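Just so it is clear, A, B, C and D label the chains in written order, and each chain counts residues from 1 on its own.
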């Protein structure tokens, strides 16, 4: 068993990661550091671990506990990770950082395993992608072989846990429950992250990205539209996706039905559907923003880094009747 | 037109009061004081006043603006009102205080107009009841003429706006949307308020009061059970309610259907239903916690204090086909 | 007072129309025909008319009641209106049909008053627009003066009342509450309606239209993207909207904040925001699918047909502080 | 592996049972009979089995498939099971019936394993309890040793899946999302079921039972109040519960916090809290109406009938840090 410590353990993504690791066959939870909740039972804070006896530990506890061969998941607020992560690595730990702090570092592999598994497997530090970039990149990266589009439009709908567990007026039930709210209309921090990775795959077309909050706790649907200068054939486009995700245990391309947020919440799955209308390719991608968009993907990255099967601890494939 | 200033204008109850006063035929909004939102347009903060040009004003603005004959609605946090209210009254204003600060003062009329209109009409300061006490007292006070029950049990379900607009983890969408949560299990501050008013109407039986948060922004349903030492007849009990509310424009007793939270949200109405099972009287009472439970009742009290028709500005009775 | 009969009175849009007409200063409700609910009190079925004494009437009741000068709102299922509407008109009634049945008739004015008021004012029959076309056309029609775009992409998010009140598995709480669901992925019946009206305003560019159901009872947000062959200046585009809606009492263009579904639900308002990103114009439009998208717009059309002020009975403008 | 066939496989409880059996170490799914969905892929109908290849089978398929040693879960509408269940048993199958059809048969063990495990272990047919009775009985049965109360009051709040998946207006999103709705106010079919089992444990005091629908898909909270003629000590009452559930893997009694619906949804757990106020004992009990209240309990009963560990396939106990 490899010990996994969690630094910044009181948020939604950290909680989901702890739920997954708690039942993972090859991982076990170590120190669960939270400045705000130090000493409190995890069971009172996290319904999914209600039966557990874990307690949050205080400032410095992960650093004190970490040993060579351990893993640290960093789930602190954006901007806090850089220094601490170096210290964890100096103690011999592998680190997956869920904040945005390392996503623009050329030396840190981007943790989208469907597209970057070899680099992740060799890494001691991985930058876990944001939820919007995860869904958007899974939808757009397979198109690279079709040539450059003229324009890309990404219209994303997310559950509110993407905003984290730190209280704010905009995340209150009474504000979210009766609204659909576009935000970041003058520019969203996830857009450069998406553009950077697209550029690494030779896609430089302009992107218009619009995120929305919908009345969901968890789940995300991205509608990605790529507009080309020429008409495309749907079978050619679908073939790109079939090739891209032929061996991926988590990406599922559906036809004849719509991708469903309800079908992916609680899982590490991404469900995609591809349609073509003349010069427009439309790709829908549903993920759980806390699953494939955060904690599930982090565990997937830990699996890859440790040489474990990619899907270990991330849901059993159902039997075929 | 009488000017109504709002002190503590950025919360949910204040916002609902401002919505009502904005279209009230005899009232107009004056200073809208909010320390946290001073200078901000109300339209950006309060969807229901999106078309308005009001702005929140800063600390001290109500005190500076108030003139003899004005009204002040105080909607600040519990514990802040006492000193300021005296200053408003010294300037010649009538005051309705929505906090709990004056609800236990023998010299301040309790603003449940269905039971206390004469005192309210003479008052310059009225203590607006809490939402739980409003629904509970409307359900239990008519029973006083039946003699003392052995025990009373009140099981209340409330929307989350009752917790106010100050951000807290417990009021986040992701915490509220999938839960039904009893709270105050060791004692809730509304219980003494209920018991005090019941005692003023000669009811001293012990009360067990359990509040719950349900996944609603607005609305409240109270199930009040009174257990007697003898069996009661349903027609006798219903007659008590018919007498108590014969002339009340806002209290509606229904039979053959259930009281509906959806039917009272946005109104100042209370919808009741009475059933009797042997020695148990069950009264259901649905109100809008921000309407009859807070802002609607405050406007009703202002109407009574100013000698206006009780229902003015609080919804037009529909025509009869 | 002009009498307004409602044919197909038990659905969501009919109910919202009845709520509006009930308090309209120049309209009164006549026969409220519903095959399924004949004889039932409206109060039990429609929370917003809980205080009313209206009853649903049976098959043929509107035809029996209609007199010259009356108005009939037809809110039956798509495909049922054609024959009956002729009979209503033969009796001298003006008709607003909320179904899709007349929206493709060249002889029947399309009831989008912001763009077609003169024809509506002269008409005895008006085809009330669908909710998706209403929001989409308000967003796209002002762009006509900019020349043809290369491509249009419309990504729409709607509350579930757009699916009507006839029970179906897909509209159950347990199916809607935890999902965001794209549908009509192989083609939606609203797309030709949108394309027809755009073509009448000289816009023939291809349109990709994707509707989604989000966990809302009411409300709709449309994100409309027009992609041009050249870069555009935001002030030029905003000027088109300022000109188009300068005198419209219901269309509100906002800057510096996002259009809010919560701010338009219960109203006949449309809230728009315009941004430009190089060759992409993005217009967001929020409406209430039952308000401006159905019943509110129907009452607006009745006002125009009767020569009444367009906003009568559709919400009072707030006073300016 | 024991094969489990499902008769009436398209409803919510059946779906949850199929999800559990799909990953159960000692059970496997057999025929999944649904008249309404015969031939359709389960994956399109049931998000939780999205990855599976199961298909619904047609009328008579379970009867054709069942072999000695198999298990049949009957999840058809109330009133349909009696004849078919006999046929399944004649073929040598054990049956757990989730309808109300056998709950009043003296010869059929009542499937509340915490109180009836020995009879269940010997049975070939078990009547699975209703969701309201499950939560209520878990809350009230431990009190039997305290003597008869004067009166019992049960106030229950349930998610809407308890109403099943057959479409009805009352279960539509737009009806449920903004309401708290008491129902069965003149008597609910679950009350006699509760009273029958209480009487078997020597409790005959009158019971007032009021069910409510709250805006939840899944989950239930029951507040059970027992009023006695004498005052009780909280430690005595809590001791009854400690004794009753000392060895139960699924019943968890909490102190210092509230039972949480969110903590039990998706599990077979029941979470209880006991308080005493003079002569009133208040017991809160949270369960998942589709878990411990239906499908989870059915699988628990299958485990007991087959001599398997009671908790097999029903969630792994978390490790202790």
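Here is the rule we use: contacts are C-beta pairs under 8 Å (C-beta built on N, C-alpha and C of every residue); 3 or more make two chains touch, one makes a residue touch a chain.
Not measured: the values here are computed from a predicted model.
Distance from the centre of chain C peaks at D, each centre being the average of the chain's Cα atoms.
Set side by side, the interfaces B-D and A-B show unequal numbers of C-beta pairs in contact, with more at B-D.
If you average the CA atoms of chain A and of chain D, the two centres end up 36 Å from each other. Centre to centre, using the average C-alpha position, chain B and chain D are separated by 38 Å. Measuring from the averaged C-alpha position of chain A to that of chain B gives a distance of 45 Å.
In chain D, the positions touching at least two other chains are 175, 178, 215, 260, 262. The residues of chain D lying in touch with chain C in their complex are 12, 159-161, 165, 167-169, 171-178, 215, 217-218.
Those residues of chain C that touch chain A in the complex are listed here as 150-151, 153, 155, 157, 175, 178-183, 185-186, 206, 208, 210, 212, 214-216, 219, 221, 223, 225, 227, 258-262, 265, 273, 275, 277-280, 282, 284, 286. Residues 22-23, 28-29, 32, 44, 47-55, 252, 257, 260, 262-264, 269, 271, 316-321 of chain B are the ones that touch chain C when the two sit in their complex.
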